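Listed after this line are the structures, all set down as structure tokens.
Two complexes follow with chain A in common, the first pairing it with chain B and the second with chain C.
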Partner chain A sequence: MTTPAGRPARRDALLLSVRGLKVYFPVRNGSLGSASNSLRAVDDLNFDIAAGETLALVGESGCGKSTTGNAILGLVDRTAGRILLDGREIGGRSREARRPLCRDVQIIFQDPFSALDPRRPVGESVGEALFLQDGLRGAALSRRVGSLLEQVGLPASGAARYPDEFSGGQRQRLVIARALALEPLLIVCDEPTSALDVSIRSQILNLLSDLQERLGLAYLFISHDLLTVRHVADRIAVMYLGHIVEEGPLEQVFEASRHPYTQALLSAIPLPDPKQQRQRRAPPLPGDPPSSIAPPAGCPFVTRCPDAEPQCRRTPPPLTRRADGRKLACFVR
Partner chain B sequence: MIASPNLSSVGAAAPLFEVERLSVAIKGLSAVEDVSFAINAGQTMALVGESGCGKSLTALAIVGLLPDVAERRHGTVRLMDHLLSELAPESLRAMRGTAVSMIFQEPAASLNPLMRVGEQVAETLVVHGRATRPEARATALGLLAAVGIPDPEIRARQYPFELSGGMCQRVMIAIALVAQPKLLIADEPTTALDVTIQAQILDLLRRLRAEHNTTLLLITHDMGVVSDIADKVCVMYAGRIVEEADVEALFERQYHPYTRLLLRTIPTLDGRRKTLLPTIRGNVPDLAGWPKGCRFAPRCPLADSRCALDAPPLVALDSDPQRKSACWHAEKVMERIR
Partner chain C sequence: MASISTARAGIPTAEQILEPSPGALLRKRIFGNTGLIIGAAVLLAIVFVAVFADVISPGDPYDQVLSRKLIPPIWHESAKATWEHPLGTDALGRDYLTRLFHGARISLFIGFAAMFISGIIGTALGVLSGYFGGRVDMVVNFILTTRLSLPVVLVALAVVSLVGSSLTVIIWVLGLLIWDRFAVVMRSATQQIRNLEYVAAAQALGCSTPRIVLTEIMPNILNHLIVVATLEMAHAILLEAALSFLGLGVQPPEPSWGLMVSEAKGMMFFDSWLIGIPGAAIFALVLAINLLGDGIRDVTAPENRN
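Right, the complex of A and B next:
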């Protein structure tokens, strides 16, 4: 692992801390267009990521998982909360505060087709940050871009070609190469395989695992696909309506989940095995998630929960650490 | 209107629905080639494959809704005693919605955004002569309730944008079922939905099948959905069916290297953390660059010189006549790809 001076090298050391993160979006309604309500996309989120580990943020659409990633990257304004990378506050408005973001935190988007400029040779896209941040030019820049391409399994000669000459899987490799250019500590992977064909997904997942192993990268892996997460994550945080409802080590959450929503989510996944599927198929969880504009007063899951009790309707359960080490936001379990 | 279908003219053993040697071209390039399959009454068949394999084009060709750039080159489509492939466009249109209905991936895009959903169901009832105007509203409410929409009285007065994706798909299913079609074609009906909502819709489709003996052709890329709802599976790759089997048999044993590799690359719940997943080398070829011979050959670990030249036909296996595979090395797949 190459670590420039002054950067944390030790794996398992605390890398990212998110404390009390809230992201509310104003909702305009009424004929005068005044902001009268807010959509609570992320509501009081707390979690940590250690150097070199993968935290998966899972949940269904609208649960706030992508907004969380965007808040860490400074792509949306936060309403409240602190985000600390290696002890330093990141984000905020000042240039100084944003600088660590450009180098230490990178992103891989879901759609590799829209993530690369179609009118520029891919080498320019991959090397742009090296040009802007490190002032690399000419042969030195070409050499570095070439080695980045080789690192993701593409030939160095590909740098001169344009995005439309690459397949979806190859484009996602290019996006990964670009994310690696400034040797980040953390990469936010937002549904990195969802837009890819099934037969290509495992190639990209393996590449991400391999790079993590070699470079000591930490990933915030945002996904709606629990089967994918099963293969890449160290820890999982399950989100529902802007809150984390359960968080724990991978095996614990998959094999002994305790939150009713986590359990419903896991049992709703159709397994690619007809015999097993017929045996485990449970009655589906009824209803839709409530709106983030008018969330329930108590537990966010109360409207669909099979175990809800009166107190669940009154106050939201806090996310607390339990004896077995996991964190759970539930009064009943 | 088409005369009501006459089942007695078809022998008891004939499948309800049959596609034979269907080929579709896009701008002169072959996109679906010699696709044949049959579905028995009440059966659910999944046509499964990755994007661009031709599964959706196959469905659109069946119902005569191919986009302008595509054309059916040859092939016959038979539903009971109707040869859909020989019908004039207006007769085929009359069949759609009565004998065969289709639901799509994006339910919100398939509904009229400017019309209350209850009216959309009612209108379909009137158009198909299932109800008169005055009765239609009440019948529509009954249908919305039957597909599991809570508070149908309230929901019927809402517009599609006021409903969730799952709710819109239920409305689409209600509309598709108005005329009690013999065949329902569902093209990725749950792909745009969240997993807990997907489970609700699959549950609904299973219930409708049990209650009305509806025959279902399901187009999907998701092997989990296949194993949850299908009785029978056709696997497509690059415009051709490469393997056909009953669902349990297929997951137990594969006779085509593509199916074998595809099932192995899918993550499973009991998978182990941070272990490398098996991969399929290379990329899915696109329309303009389909290889000669077997189209999977460039990515196949079993390919030899014959595979590169001769396309293997989809045939029943000598050793296992219930199974069909389009591979010269079908018998060696399980043993050679571990």
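Right, the complex of A and C next:
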């Protein structure tokens, strides 16, 4: 593995650490547009990603996982907290001040159909960053774009074509090529396979793991699909209503989860055997997640938790490291 | 034998034959669109006439020969009809074909200039409010609401009667009044594009806001812009005709199509060609512009590319 000077070459070195990240969106009501309330999309989030590692962020829709990714990319402003990449603060910067940092963190989007500008040849989209950041142009640029396309399994001659001439899977490869252009250290994958056909998914996932192995990339893999996550992740962090409720190595979380929400999520995975599926004991979770505008006072999960105690309604449980190495935010378990 | 796709000088490869280039596809779509071809042909003809009006006109548009007034056009059964004046003459004996040719110049010029001014104002306001939203959007919406509460013809009448009428005044009045549709359409188109992931990707790559607006937003709202621009050009031409008809637009003896309709209205029931010919010209020009705009939109929409 070759990395440019000044970059952490060693795997497992701490790459990204997020401390107390909060992203609140003002909720406006009335015609005067005064912010009277706020939606707490991400509330006091802490996690680390090591170089070359995949951390999966899972949770149901609206739990704040995509907002977390966008905050790391600087696409939404954080309200509070620190986002440290390789020890440097990357949150809360202006677009101009952020530009050199774009090199290290990139993103792959969910919908490959809206992630590429339909009016530009795909080579231009893929090479945009090289033009902007490295000032490459002409033959040097098209050579580099060609090799990027080949890296993701597309012919270099495709660069002159428009996005509508590619299938969904091919477009996702183009989006990956664009993210790779600046040789980032971390790629935020925001549900990269959920818009793809099942038959294409494994191709894209395998491509992502190949690239990780070859380039030493770290992924923040955002997904609601636990089966996909099981295929790619090293560690899992489970999010609920803007908080991480459980975090641990892949096998530990899948085989011996302790937080009631994680258990409910895992028991929602359909089993291939219908007999087993019928015998499954855990009932589905009752109700919907509470509103992020008016979250419960204590534990965010208290309204749906099967074994909530009076204490859970008063104070939110902190995310603490347990004896077996996992982190858990629960008073009861 | 060489394989089918081996490239040899001058001979296209099988790939090139099977997959036409983007340019060839575009040409095919353009020539497959009848409305676009008809609209472009009529508009080109009118533009040609307007540009070369001095050369191709049989006479002088201001030359009055009272002894030869009200000659009917050649298809008329009257014995007075003559090839010397193919479209006849008006009440002052001026050659109608010549005045029609010179009138095309004024109609096109006013239409284009007013569309250009209003297009710049409306697009700038619309893109700004669509891209930035929030307070910018509120301010633009306020300006837009104010503009929409002003009746165009009444304001134009008031301004023209205050400062007097000239070509420049009419162009500026129309240009400063009809930008509302540009602003509304560009605002909603920008809002739509702005939330797409390729704009977020450009931000993540470190593009500056002006660059995102120019390379990601503008090209993707351009086909909406072309359609609105053609509609507004037609709109401006009709408004100019209406103002001239009311006597507050182009002033005699300038030949404008609206003014020609106005001058002929007294003779509508006796010499109906006087009103019919400029009326038909306005109709043909507005129809051609609209056909062209619709055709361009159909041909350039990415979803119709194949």
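Simple rule for what comes next: the second predicted complex is superposed on the first by the 318 of 333 C-alpha atoms of A that agree within 3 Å, B and C clash if a C-alpha of one lies under 4 Å from a C-alpha of the other, contacts with A are read in each partner's own complex, and residues count from 1 in each chain.
We take it that a contact is a pair of C-beta atoms (placed from the backbone, for glycine too) under 8 Å apart; a residue touches a chain by one contact, two chains touch by 3 or more.
Since this is a predicted model, take the numbers as computed values, not measurements.
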For this session: Identify whether chain B and chain C fit side by side or clash on chain A in the overlaid structures.
Result: fit
Exercise. Does chain B (first) or chain C (second) touch A:Arg137, or do both, or does neither?
Worked result: neither
Exercise. Where does A:Arg214 make contact in the superposed view: on chain B (first), on chain C (second), on both, or on neither?
Worked result: neither
For this session: Check the residue A:Arg313 against both partner chains and state whether it touches chain B (first), chain C (second), both, or neither.
Result: neither
Exercise. So, does A:Arg88 touch the first partner chain B, the second partner chain C, both, or neither?
Worked result: neither
For this session: Could you tell me if A:Gln277 is touching chain B, chain C, both of them or neither one (first, second, both, neither)?
Result: first
Exercise. So which one touches more of the residues on chain A, chain B or chain C?
Worked result: B
For this session: State whether A:Arg99 touches chain B only (first), chain C only (second), both chains, or neither.
Result: second
Problem set entry | Contacts of A:Ala233 with chain B and chain C, given as first, second, both or neither | first
Exercise. Once both complexes sit on top of each other, what is the least C-alpha distance from chain B to chain C, rounded to whole angstrom?
Worked result: 11
For this session: Jot down the residues of chain A that show up as touching in both complexes, chain B in one and chain C in the other.
Result: none
Seminar exercise, completed: As the complex stands, chain A meets chain C at residues 33, 70, 73-75, 95-96, 98-100, 102, 105-107, 109-111, 114-120, 125, 128-129, 132-133, 160-162, 164-165, 175, 178, 182
Exercise. Hey, which residues of chain C end up touching chain A in the complex?
Worked result: 22, 138, 196-198, 200-209, 211, 215-216, 219-220, 222, 302-303, 305-306
For this session: Spell out the part of chain A that touches chain B in their complex, as residue ranges.
Result: 60-61, 167-170, 197-203, 205-206, 209-210, 224, 226-228, 230-234, 250-251, 254, 264-275, 277, 281, 283-288
Exercise. Inside the complex, what are the residues of chain B that reach chain A?
Worked result: 50-51, 150, 164, 166-167, 194-200, 202-203, 221-228, 230, 247-248, 251, 261-263, 265-269, 271-280, 283-284
